[in-house]
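I've put the structures underneath this note.
Each of the two complexes below includes chain A, the first together with chain B, the second together with chain C.
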Partner chain A sequence: MKLVFINLALVLSLFMNSFEDSFINTQETELTIVGNVKSVPTDMDLEQLKSVLKGERLRWDDGSKVVIALMKTDTPIGLTTSKRLFNMTGNQVNKHFLALVFQGKVKAPTFFDSADELEAFVAHTPGAIGVLRKVNDAQLNTILVVKSKSDQD
Partner chain B sequence: MTLSVQSKILLTVLSVVLMFALFILFYYPDRQERLLFDNYNNEIENFASTVALGVKIALTEENFEGVETALNFVRDDSRLQFVSLIQTDTVWKADHSEFSIEKTVFKSFPEIAEVDPYAISNEFFINKRAPFFTSIMNGEIMLSFSTTEIIKGRNEIRIASAIASFIVFIIGLSIGYLLARNISRPVLALRDAANKVGEGDLTQFVKNISKDEIGELGTAFNKMVKDLSTARNQVEQRTVELTKEKQKSDELLLNILPLETAEELKTTGQAKAKKYESVTVIFTDFVDFTAKSEKMDAHRLVDELHHCFSGFDNIIKKYNIEKIKTIGDSYMCAAGLPVENESHPFDAVNAALEIRGCMLSYKNEMEAKGENCFDVRIGIHTGPVVAGIVGVNKFAYDIWGSTVNTASRLESSSEPNMINISESLYQIIKDKYDCSLRGKFPVKGLGEIPMYFLNGMKSDK
Partner chain C sequence: MRRIDRILVIIISCFFCLSFCNDIVAQKTKIRGFVDVSAFFQDDKLNFGIGEYDLFITSELNDHISFLGETVFKYDPSSSTEFSVGVERVIINYNYKGNHSLLAGKHHTPINYWNDTYHHGRVFFPTIGRPLLFSAHIIPIHTTGLALQGLNLGKLKFGYNLMVGNGIGSNEITDNDKYKSITAAVHIKPLENLQIGASFYNDIISEGVELYGTVLDEQVNQQLYSGSVAYFGNRFEVLAEGTLVNNSTDSEGDVQSFASYLYAGVYIKEKWVPYFRLDYLNFQDGDPYLGNNDTSSIITGLRYEINYLMVIKLEYQYEDRDITGIENRISVQFAIGF
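== the complex of A and B ==
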C-alpha cells in the first residue's frame, strides 16, 4: 500500500512564528505524518491532525479505526512529536495514553524503536497514521497538508 | 428402655447417615464457600496484578498491548464494580521533616465511579490492590468486584447441599429401615419359633430366603427342630416300648406277688411281713400223683398240671383269692389277703367247690376219652397267718403259721374229690353251706381236731 505523506514541515513552518525559537530544533522540526492509503484522509489541518494523534478521534470517515503509530518518546522523533504535536513531555504522553486506554476510550498507539518499522507498520495497517522524520525519498508520494488560517492570512 | 434389634440397626444406620448428612449440610458447603471466596479473591488479585504489570510495561516500555488486553478482559467481566489506577505520591512537609504517602485516583473505569483509594473489602465488594513502580509514576491498580455472584453461588451451594443432605438422609433412612427389617424379621421369626419349640411344638419351621449368616442360622434351627422331633419320636417310641416292658414286668411281678406287696416293693424296695388275724387257706393235692406221673409222658404230665392249675388260677381269681404257690402237684392259695376282707371264708369255700366241680367235669371228660385223670383232695382252714416275702433272689410271697399247717393237714386228711374243712371254718359257713362232720382226726402238732366235709351250699340241696 502506498503511504500518504503529509508534509509536516510545511505545517510546522507556519507555526514557527507562534513559538519561541528555543523550542525549535533544526532536526526536530522536520517531521512527516504518514498514513495508510486506505481510510486516512489526504488533507487535514494541524488541529485535526493533533486531535487524531492524541486519540481524540477514534474512527476515520469510512468507519475504520484510527491506529496511531509513534516513535518511542526516548527517540528524537518521539521527543519532537511529544513536544510539537502533544505539547507534552514523553512521560506525559505515556500517561495521557495510559489514561485513555484505562478508560477504554482509545486503542493505544504502537510505539516503535525504528522508523523503518513504523513505516512498514503504517503501510500495512489499514487506518494507521504515524509520525516520522521528513522523508526525502523521491519514490514516496507526499501530500500537502491543508494550510492553516495563519498561513492563509 | 429395651430397644429391639430393628430399632438398634435403624438407629445405628441413622446415626451414620445423619453424620454424613450434617457433613453435607454444613461442613461441605462451608468448605466450598471458603474455596469459592478464596478462588474469587485470587482471581481478582491476579487480575489486579496483570493490569498492574501491564501498566508498568506500558509506562516503562511504551507497550500498551498488555495493559489493553488486561483491561479489556477486566472491563468485560460483569462482576466488575470499577478498576482504578491509583497514583501514590510522597508528600513532604514544608520543612521536609516528614512525609506522607498520598493516594489519588488517576483514572477509573467506569469513569463515573466515585472511588475511594483507601476503600477496603466488605460483604458486598472485594477490593484488591496490586502496586506498580515506575520512573514515571508509582501507584497501584485497585480492582473492585461485586460479591453478588459469589453470594448467589454460595446460596446455590447451600440449597444444593440441603437438598443433597435431605436426599442422603431419606435414602439412608430407607436403606436403614430395609436393612433393619431384613435382619430383624428372620431373627424375630426365629425367636417366635424358638419359643414355640420351647413350649413343645416341634412342628416349627422358619422360611429361609437369604443365604447369609442369618439364613444359615435358620437352616440350622430347622435342622435342630427336625432332629429334636426325631429324637422325641424315638424317645416316645422307646417310652412306649419301655412302658410295655414295664407293664410286662409288672404283670410278671404281679404274677408272683400280690399287688399291694409288689407296690410296696417297688416303692420302698422291701415288703414288710404282715400278720393277718383271719385268713382262709386252701390246699389242693392230686391223688396218687407220683404213681400216675411215672406212667405219664413228661410233656403230658406238665400239660395236665398246667391245665388243672390254670383252671384253679381262673377260679380263685374270680373270688379274689391270692394264689400262694404250687409245690409239685399241691396248690396253695389264701383268701382274705393281701387286702383283708370279711368274705374270705365264703370266697374260699366257693372256690373250693368250683375247683372240685371243675376237676370232676374234667375227669368225666377224660374218662369218656378213655384217658386217666387226677382226683383232687382239698383242705381248707381259717385262722391267723403271717404273710410276706423272703429272700433277695427269686423271692416269693408266702404265708406262715399254724393255719397253713392245719390247712395242709386237712388236705392230706381229705378224701379224693372231697373238701375237708376245719372247725373254725365250719363255724363260719355252717349256716349257708351243707357240711358233714367226719369226726376228730389227728393232726401233727395239734392233736385231734374235728373235720368236716363241705358238701355244697344249702340251697344246692
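== the complex of A and C ==
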C-alpha cells in the first residue's frame, strides 16, 4: 500500500513554553510523520499534528478512526518524539496515554521496537499515523508540515 | 412508560443497531490493574495496610464500540471474607461521529475534575487520598445511565458531558423513583495543560431513601454547582475545585453547603514533587443528610515518581473537624499500575 509521508524538519524548542526549557534538548532533529494513504490528510500544521498525536482527535474527516503508532519511548526515536512533539519525557508520554485510557477517552497508541514494524503497521492500517526518523521506501511522497499561525507568534 | 423513557430506549436501540452494521474487527482486550500498599502513624501507633485492588479492562468490540470496566476489591469488615467487590465503572462507548460519543452503563459522575480523571487509580492521584468532599458525600460519585460526551472540540478544545441517570437512592438495576438525575458538565482547555470546567447536577431524592445512615423523612430537591481549574505542566501543578450543594425540603427550605480544595505541587527535579492540599467543608444547619461537621484540613507531602507505573508519596495531614476534633497523621503510600 502506498504511503503518504509528511516530512517534519523543525527546531521544536522554538515553540516550547519557557517554563519547560529544562526538559528540552535543543539539538535539531528531523522527524518523519508517516500516514496511511486511505484516510490521513496529506498536510497539516504543527498544532494539528501535535493534537492528533496526543490523542485529541478520534476520527479523520472521512470518519475512519485515528490510530496512533509510535516508537517505544525508550528507543532513541521514541525519546526524540516525546521531547519534540509532546514536550514531555518518555515517561510522561506513557503516563499521558495511560491516564487517557483510564479515563476512557482514547485508545492507547501502538508502540513499536523497530521502525520497520511501525512502517508496516501504518501501511496496513487505515487511519494510522506514526513518527519515524527516516523513510525507508524511496517511492513515498513527502510533504512538509507547515507552521501554524500560533507557532509563528 | 413515560415519554422521556420511551425516547431514551428508542435512541439507544437506534445507536446500537447502527453501530452493529459496521464491519466487525478482531476484538482487542487489555487488562490492567492498580493497587497500593500504605502505612500511617496516628495516635502513637504505626499501621500497615493495602488499598483498593483495581482491575481495569478495556476492549474494542468494533470500529465504533468499545467497553471499559473497572472493578475494585477492597477490605470490608462486614464481609465473611473481609473483602468486597465493587463494580465501579461499566461503560459501553459508542463513538458515533468525530469526537462525539454515547456512553451507557455505570459511570463516575463527570461532576468534577478529580472524579472524572483519577477514578480508583492511586498511581494517578497527586496526593495519597481523595479530597475530603468525597468522603463527606458532597457529590454523587456514581451514576448509572446514559451520557453524551464530546471532547477537544474547536480551538478551545471544548468538552461536554450530558448525563441522565437513575439518581441518588437507586441501585445498579432499577431506579427507586420516577425522577432522573441530570448532570451537565462543560470544560475548555485554553492553554496547553490547562483545563477550566463547570458542572450542574440536579436530582430529586425521594422520601424514605436511606443515605449514609439517615432515612429521609421528606423529599429532597438537590442541585450541585461545581467549578474547577486544573493545570498539570512539566514544572508545576495546580488543581482547585469547589461544589455548592443546595438541598431543598418543604420543612427547611434551601439548605446550602460548600466544599472545596486546592492542590499545588512543583517539580523540583523530574521525579520529585513537594505538594500541599487544603480542604474546606462548610455545612449549614438543617441539611437533610449531610452532617454539620465543618472541616478544614492541610496536607503537605512529597511525591517521588519512580516511573509512570510506580509512585511513592509521603504526607503529613492536619485535620480539624467540628464534631470529632483535631487529628494528625503521617502516611506513606506506594502505588503501582500493572
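Here is the rule we use: the second predicted complex is superposed on the first by the 124 of 153 C-alpha atoms of A that agree within 3 Å, B and C clash if a C-alpha of one lies under 4 Å from a C-alpha of the other, contacts with A are read in each partner's own complex, and residues count from 1 in each chain.
Everything below uses one rule, namely that a contact is a pair of C-beta atoms (placed from the backbone, for glycine too) under 8 Å apart; a residue touches a chain by one contact, two chains touch by 3 or more.
These numbers come from a predicted model, not from an experiment.
For the composite obtained by superposing both complexes on chain A, the positions of chain B and chain C are in clash.
Judged by the touch definition given at the top, the superposed model places A:Ser51 against chain C, while chain B stays out of reach.
In the superposition on chain A, contact is made by A:Asn87 with chain C only, not with chain B.
Of the two partner chains placed by superposition, A:Thr75 touches none, neither chain B nor chain C. Looking at the superposed arrangement, the partner reaching more residues of chain A, out of chain B and chain C, is C. In the superposed model, A:Leu98 makes contact with both chain B and chain C. In the superposition on chain A, A:Phe111 makes contact with chain B only, not with chain C.
Judged by the touch definition given at the top, the superposed model places A:Arg59 against chain C, while chain B stays out of reach. In the overlay built on the shared chain, the residue A:Asn36 is in contact with neither chain B nor chain C.
Working note: chain B versus chain C after chain A overlay, options 2-10, 110-118, 326-334 or 452-460, clashing stretch identified as 110-118. In the superposition on chain A, the residues of chain A contacting both chain B and chain C are 91, 94-95, 98-99, 101-104, 107-108.
Within the complex formed with chain C, the chain A residues making contact are 17, 19-20, 22-23, 51, 56-59, 63-65, 87-89, 91-92, 94-95, 98-99, 101-105, 107-108. On the side of chain C, the complex with chain A involves touching residues 30, 32, 56, 58, 60, 63, 66, 68, 89, 91, 93, 95, 97-99, 103, 116-117, 119, 121, 124, 151-152, 157, 192, 233-236, 270, 305, 307-309, 337. Those residues of chain B that touch chain A in the complex are listed here as 55, 58-59, 62-65, 67-68, 71-72, 75, 83, 85, 106-109, 111, 136-137.
Listed in rising order, the residues of chain A touching chain B in the complex are 72-73, 91, 94-95, 97-99, 101-104, 107-111.
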